[in-house]
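The following pair of complexes shares a single chain, subunit A, combined with subunit B in the former and subunit C in the latter.
On to the complex of A and B.
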């Protein structure tokens, strides 16, 4: 399967690279030799239908479901055998799906948990408030009382409050109203302009095509296509065959 | 420090009022309640507040269910008992006994923590239950040192006994003797320990514990190791329970399996945490107060009701003081039904719903 991958982009300067990664969850073999690359300072979209293995791939990178075999390289360092804490401290910041916040803590406490030395860098905090003004307004509220969109903003804010090597974001638009998705797109665009390397799982193809520079498509636990986003967006037949959609239908 | 403690105070006015009444009553207990039984109840309440809060640190803040809490309570009590009985009843000996007890508790807690926290909750609970049972058997077997099933009666420093008179005259009708000093030693140390736990919970360490309780996957994904933090919480909780045991040994002047190690005490602690509200140290004050008062005075209250309904056949029987355990059970069922989050949890949630 790996040999059939399309590699239309330069393989130099990859920040993250997965090579023939297999992951088992209990008795189930979920990832069957996943290989793809995440170029530095670009937004890479990991797409695919439900159950293709996208979230498992993200969790495998984070060490939450360790790889059974294969390699995960962050720059030149193999991280597939490291524990989650070490991977997180190596600069891999993760925004899990389903608005992964700590509902019993306040917004401030949620964000503070992700800071080094438990202190905020004021410039960075101001930048985050600029991205997500609602968080400043509800700073001392219990996070459980925020709306779905605000919870997602909080989860992202927690992941970017400290500079990171790469940001992993799992389905940020899931279950959110279109107006909230627009504000998330604006925020991610600003992160992209700040040269943040992002690997994002996303079902909303409009959001994916708007933000993505690079794309990898998964099916049945394998990568079935990898290319730059522009050429994938231009190839309607490929979209239809790999994702069962066309751009018009999702705009 | 005091500002951060103040920030943790519950917002509910009813709750603040209740807490204020309990704390002021404990502070003035020797002067507003008559008799040694009331003072004994107040001292036990102070000790149980520390013990229950320390258990809540484990159960409410990390979600770890342990049945070994009375083991640490027992380590504290038996260290003091053995030291006073086999060496001498002095403050120097007490200090050494406390240091030894804390050391032993730390080693046991770290061992249990590192070995057991990697397993699933139910197996952890089973392991702690087994360890607690082993401790009870050990106390029984090592009767030469522990007094076995009969326990140990010993002398404490004279300055803490009724025989010691600080003033010749009474103050507000109360004799100022060693017993009173003993009570205020218990009250002061309990207050300091409780505030220390409140401070720990309000610290960044406490926030990590809360995060781990909610979702350990998420907490690990932002760089926190579950086993390290939960083991640290287990050690802090164990040390607090040990110090509560020390206080119990000083107050009772008796230490035995029934007074510090029994499963009944463990169940009482669990009930106090659940009734007060898990995940709120202030809930420990409410839960401990309700249960200690019920255990000590429900019997008498029912006696009054029994006498009032003496001519009504069914009611008189229903309120027979011998049935006080039945009513305690009914009280628990009612509490759990109407306050599933505990009293503090219910009051805090009620305020949030209205806010």
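On to the complex of A and C.
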């Protein structure tokens, strides 16, 4: 993990890049020129107070709330004008803040829906079960009957059952018990070791600093800081000024 | 002793949910307590039992039960499309009744093309004609509904008020089209000989066409259930009814799915129109409009978007209408409304509620 934290960001190319992205929701102007990059095979953490625009950024990348202006590049392809279906098929997999579990479907059906051919690659499935053993146990249960942590595991499993270019995860630790958060951290570490590119919104700084290689901090719909996570973790003053001030403003 | 009873009550009322990471609370009765379909099925059986108690003559009860089930099956066929369209597309299609009427007239025309087969054909020939009429209605109404979706519905997604106004207008236009194509007069549509009359089994009399309607309804329900539970399309529809956005995020073309479901739902309405037309033996351009109130009631009682709920609600409405019509004729018209109010007080989202975007 230390090696991952010390990975030199400049040595990697960018898988996803946002440039001056503006997003409106109805009459409200939410994103005011968001620009940041997501290096390939790294975990990028998007941090910031509530209402800073993190979820809007994720939804804009997915095409759920289209960008009003600006560019979103996946590798070298501009995706800001594509619809959600095409973006998803380009390899952008998304775990939304509310997890988006189909409560009336079984765990197996939820995961099967995300497979390309309506059947499982057994090796991949075994790997997913290794990450989230609880899912194997409740494989034929209605997903609506799972606990909050298990639903989060299911949402992530659904997003990784097929290989993807990038995984967008919105606040995976939200509302979960510390023990569940630990098991999620373990799973994300394993995903990270498998060179999965991840963009994660997270409020839990311990989780963010443990997993992240790269960090972008948002406030009021703008990116106010971007660096590698190791240097940000080392700079307590910056943490206090960016996250501390944000917290005070929020409170 | 008190502690033991309290422990027992606690165990019996505990929900069978997974608790922590991979543990689960064991609850032997949880399935029966929590499964809305099972509960509603038991309620349907209770309906039939209450009818049996209140109707003194078992032969009359059997006749009414078969009539109720037949009516229920036809209502199910007509309502299943409406409830799916609302559940998946969030579209309130007040023009659904026009598809029922169109289906009835198309079926009438298809059967009218083979007068000699109707007059001299065997039972199986008549069955073949009946199925052909239903298929014809499904195809024509399906094509009409495709045009209806492209021209009208697609412009009012997400706006319920506009949907109500524009689909009501669409229904009026469709009824006028029926007048233009088939004339203003109501049409008598007599059943083929094989479907006429009844047969006796012991003390019980069974009307042939009603039994046929029950069988057709069961076949269609099993077919729909199979599609929903055994095909990727069914899985997608069930998922789409719950959360369209996530279906899109998984890389599926939700717009194509919308159109497909709209066409299939309307085709089912057309098939229901054929079944109802032959049941009533008279068809008018208003046949669908007249049935729409009952269609709404069935969809709401069943839970919008739920096929199982729609099936059970349709059977309940069919049984109740027939039982009450026999026991308290003056209450027959309001009985279904009373049932709807009672069900909504018990289950505000209907008998078998569909979770909408909650996780």
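The definition used in the following text is that the second predicted complex is superposed on the first by the 233 of 251 C-alpha atoms of A that agree within 3 Å, B and C clash if a C-alpha of one lies under 4 Å from a C-alpha of the other, contacts with A are read in each partner's own complex, and residues count from 1 in each chain.
Definition applied: a residue touches a chain if its C-beta (ideal position, glycine included) is under 8 Å from a C-beta of that chain, and two chains touch if they have at least 3 such contacts.
What you see is a predicted model; the values in this text were computed from it and never measured.
**Q** So if we stack both complexes on subunit A, do subunit B and subunit C clash, or do they fit?
**A** These partners clash in the superposed model.
**Q** If you tally the residues of subunit A touched by each partner, is the higher count for subunit B or for subunit C?
**A** With both complexes superposed on chain A, more residues of subunit A are touched by C.
**Q** Is A:109 in contact with subunit B, with subunit C, with both, or with neither (first, second, both, neither)?
**A** A:109 sits against subunit B and subunit C alike.
**Q** Should A:138 be classified as contacting the first partner (subunit B), the second (subunit C), both, or neither?
**A** second
**Q** Report for A:185: first if it touches subunit B alone, second if subunit C alone, otherwise both or neither.
**A** neither
**Q** Just which bits of subunit A does subunit B share with subunit C as contact spots?
**A** 62, 64, 83-85, 88-89, 94, 96, 100-105, 109, 112-114, 118, 145, 158
**Q** How about subunit B: which of its residues touch subunit A in the complex?
**A** So the residues of subunit B in touch with subunit A come to 204, 207-208, 210-211, 213-215, 217-225, 279, 352.
**Q** Going by the contact rule set out above, which residues of subunit C touch subunit A in the complex?
**A** 16-22, 24, 232, 235-236, 238-239, 242-243, 245-254, 354-355, 357-359
**Q** Could you please specify the touching residues of subunit A with respect to subunit C in the complex?
**A** It is residues 62, 64, 83-85, 88-89, 94, 96, 98-105, 109, 112-114, 118, 133-134, 137-138, 141, 144-147, 149-151, 155, 158, 177, 179-180, 183 of subunit A that touch subunit C.
**Q** Spell out the residues on subunit A that touch subunit B in their complex, using ranges where they run on.
**A** Residues 62, 64, 83-85, 88-89, 93-94, 96, 100-105, 109, 112-114, 118, 142, 145, 158-159 of subunit A touch subunit B in their complex.
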